[in-house]
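Written below as structure tokens is the structure these notes are about.
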Amino acid sequence: MIRHLLKLAWNRKRANALILVEIFFSFLVVFAVALQAVYLWTNLRRPLGFDVEDAWTVTMEMDRPADEDATRRQIETFARVLREAERLDRVERVAGAMVVPYSDESRTEGLSKEPETGTAPPPVSVEIDEVTDGFADVVDLDLVSGRWFEPADAALAWMPVVLDLEAARVLFGDEDPVGRWLAQEPDRPRRRVVGVVSDFRQHGELSGPQPYMFERVSVTEPSHRTPRNLVLKMAPGTTADYEEAILARLRGVAPEWTFGVKALDVVRGTNLRLRVIPLGAVALIAAFLLAMVALGLTGVLWQNVVQRTREIGLRRANGATRTAIHRQVVGELLMMTTSAVVLGTLLVVQLPILELLGSLSPEVFSAALAVALTLIYALTAVCALYPSWMAGRVQPAEALRWE
Amino acid sequence: MLRNYLKIALKVLLRRKFFTAISLFGISLTLVVLMVTTALFDHVFAPHPPETRLDRTLGIYTLRLEGEGSRSSGFPGYAFLEQTARDLPGAERMTIYSLQQRAVSYPDRRKVLSWLKRTDGEFWNVLDFRFVEGGPFTAEDEANGHFVAVINETTRERFFGPDTQAVGRPIELDGQRYRVVGVVEDVPFLRFSAFADVWVPISTKASTAYRHEIRGGFQALILAESEEAKPLIREELQSRVADFQFPDPDEFQVAYTGADTLFEALSRMLLPEAAHQAQPGRLLTILLTMAVLFMVLPAVNLTNLNLSRILERTSEIGVRKAFGGSTRELVGQFLVENVVLTLLGGAIGLALSALALGAIEESGLIPYAELTLNPRIFLWGLAMALFFAVLSGVYPAWRMARMSPVRALRGRSA
Amino acid sequence: MDNVSKVYRTDRVETLALDNVNLEIEPGDFVAVMGPSGCGKSTLLNLMGLLDEPSEGRVELDGRAIERYQDRRLARLRNEKIGFIFQQFHLVSDLSVVDNVEIPLLYRRMPYRERRRRALAALDRVGLSSRVHHFPTQLSGGQQQRVAIARAIVGGPKVLLADEPTGNLDSQMGDEVMELLEELNEDGATVVMVTHDPRLAQRTHSTVRLFDGRQVH
């Protein structure tokens, strides 16, 4: 039976060409959306690495220091701001950070480990945040090995850094990174790993994996830059109007700086919306397109049945049951879908072959492909329902009498 | 003749209600998406108040700096604009303004966020705001650092309540106190250059670092004396940018920007290959390609449906041909049916677009959006509908023309 | 057929296609059904072929009365016991000759090899072995009807129902087809043939005449 239907479908390929083209393009559209959706969903399931409950951020705008003296004054002001913030009664813990979680900014550097012998391996792009000692507590970092920064580090001749698991993996592979040195970069101090935390995804739940590193900011020595943000852990239940109190106090300490306060929950909201809204819009349009295609396919298949009424009558006269006719209609459509989908898959499979996938892993690709295949088959099966029912209702006596 | 065709067309479409319904659904849906997109485009790029003189306006919207091993893509700083954009030949007026930023206020223990824009005095002469109260601040205010502000109607309502006068009253933003000197009608968010809730002089900024920054959050608008003066302005700016003296030559050595239209600036921001020079043509090509790709699926769908409609009437066509109907007449009949169907779908699409745009306005996704359908958008919609009619009719019409009457009468369509 | 009547109802009109027809056909008979057009000949054939249900009366096939007109049972009966031959041939133009002939066997769960074997044998019986992979559009009318006959006999049915089988053929081709039907009848098949050609009716064993749905003599 399948052989027979295959032959039939193959012989009717010219008539079915347009349907094939429709299904082909629908498949591409569904795949594109599925790829994005699966990517975001796999990201969502990864651990975030931090917790922003009851965490607020204070942004600080200051002039660029013109010389070393200005730099020193700036870091001193920063130290004062940090202390004052800690004194506020609803503030439990305070830290400074160049970049806060969920923000869009980033600083990246190409890093590599310092090898025991020979030349350093090729550099890997790592995102870096410069933070003070309190940061781990404020955002609940998860220490995996080694230690976090401590005040005694101020006396070190080198800069301590903490890697996240992803950075440890790409820089050191299976080796234990704690205690190892990073390859020396020009104009940067010597850096040594003192600890590893769990995967840290600064850009939020929907972002992809990214190697991350924390550098220590000293509030006693002038480092090369003053952190632009404070991160505050507030007492639970603090309401928004407390922001005014914070601003008033900090402005008192540094009147020439500009301050702004925001709950990190709010920043998170903006971050998520920025990533989800475009996908949502595209998915909506794709859904409408597919609904339209589904209706169109149903109509065309129905027309198909009407045109082949005599053939249906003939088969019924020769012993086909209604069920057999149903199966034929659905089977023919599924065969068409398979041809279209095979072509589509061939096209789409070029993406990993030509290495155009970028940061998308093969698992994401295959999952998206599976989702797209399922949806298209389901879609076409549903489209075949009404026409196949109609075909079953064909009265052979009448069908065969038609001229 | 045409009336005849129309009557038959309507009969045919009513006969097969299911098909007609699907085709209408497909056309109207596609058109809704296309029209909404067109409306959004129109509202960003076409002249609307307060940007009424777009044909004479050029802007310096972006700045790219390159040096050995470092690159920066962003917005020009005040110092850069001061040095390159002042007194350009052919320019009637010039204004420098900052990008809008969030400013926080706590009136009556509520938290209010407003979009704050810092401008110079000429801003109000280059753009055409509608004042409901008072007037703008001047270049003198800017020069002397007066803490004055122009607010929009919504801000007036938020701070002072409905139906009140605001001029002369104080308003506090980001810890700074200003005196209201004017109130304007709300400006839609899509009018990027003009948009804000509150406008204040640049010199009121807490830190004066901006005066020396070549990179920062500023832009400039240049009002040309005439359309013909625009190329002059562009050229002069390019030569000034090429000769620009960097305060720190070790960091960056070359600057890239231009006196652009908004679309050209958008191409700089979106296309990596437009980093040095605006590529509006390329951006347009890409957008059109995307639009066409989007239309492929519904076009194929409609072609399919039209073809089915024709094949169903194979015997009818055979009879007509046998009785002397010329191919031209038959194709003409079919095209009329198609156009009627598409126009109907277009009308439905238009109505639905109006609803969709209304919904977007209501939802507040785009602040102060005033998305209405003007005649220009309507004509675009009509053009697209007709384009679909033609596109989805070509192949079926060709099939119909090729049908031999003898075989058609036997029931074979090819 | 026992007191069989058939009424067709539409929204506005009631048509009495057959009125009180009584017929008994023995195995091995070659019966012609004659009458002017519109007299119910095709309706009679449809009822015999279990393609339709009588409004009144009873149809018996092979000793068994058809009590309930259930799709499954009817389909199986048609498949196993009845072969149809139509005036318009009703071949599937998208399938080759041999694929057309194997159609009845598809609904019998027969493996591919067996189907092929039987189809080729049937085609050989009707003398078309040389045209096995051709398509219907490449054959003459007479050849197409012979393919249809091959399709009708491939399942080994006991009854062949032919509705004006020579209607679309010229006299020479018509004769060839008629000869084939006679041969098949001699081999044991019961043949019922609707025709309006008296010369053809003469070559059969007996004739049933219908007029306005009623039997006449």
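Note that the chains take the letters A, B and C in the order they are written out, and that residue 1 is the start of every chain.
Keep in mind that, in the parts below, a contact is a pair of C-beta atoms (placed from the backbone, for glycine too) under 8 Å apart; a residue touches a chain by one contact, two chains touch by 3 or more.
Please read these numbers as outputs of a predicted model, since none were measured by experiment.
Peer 1: State the chain with the largest centre-to-centre distance from subunit C, centres being mean CA positions.
Peer 2: Checked the centroid distances; the maximum from subunit C is B.
Peer 1: Looking across all chain pairs, point out the one with the most C-beta pairs in contact.
Peer 2: Chain pair with the maximum contact count: A-B.
Peer 1: Express in whole angstrom the distance between the two chain centres, defined as the mean CA positions of subunit B and subunit C.
Peer 2: Going by mean C-alpha positions, subunit B sits 70 Å from subunit C.
Peer 1: Hey, how far is the Cα centre of subunit A from the one of subunit B, in Å?
Peer 2: 28
Peer 1: Provide the C-alpha centroid distance between subunit A and subunit C, rounded to the nearest whole angstrom.
Peer 2: Roughly 67 Å, centre to centre.
Peer 1: Considering subunit B alone, which of its residues make contact with at least two other chains?
Peer 2: none
Peer 1: Note the residues in subunit C that touch 2 or more other chains, in rising order.
Peer 2: Not one residue of subunit C touches more than one other chain, so the list is empty.
Peer 1: For subunit A, write out the residues touching at least two other chains, lowest number first.
Peer 2: In subunit A, the residues touching two or more other chains are 403.
Peer 1: Using the touch rule from the top, collect the residues of subunit C that touch subunit A in their complex.
Peer 2: 42, 46, 49, 51-52, 71-72, 75-76, 78-80, 84, 86, 88, 90, 92, 94-96, 99, 102-104, 106-108, 112, 151, 155
Peer 1: Quick check on the complex: what are the subunit A residues that touch subunit C?
Peer 2: 1, 3-4, 7-8, 11-12, 310-311, 313-322, 324, 395-397, 400-401, 403
Peer 1: Quick one: which bits of subunit A touch subunit B in the complex? Just the residue numbers, please.
Peer 2: 18-19, 21-22, 25-26, 29, 61-64, 240-241, 243-244, 247-248, 251, 256-261, 285, 288-289, 292-293, 295-300, 302-304, 306-307, 403
Peer 1: Which stretch or stretches of subunit B touch subunit A in the complex?
Peer 2: Within the complex, subunit B touches subunit A at residues 18-19, 22, 25-26, 29-30, 33, 102, 104, 106, 109, 111, 174-175, 206-209, 213, 294, 296-298, 300-305, 307-309, 311-312, 411.
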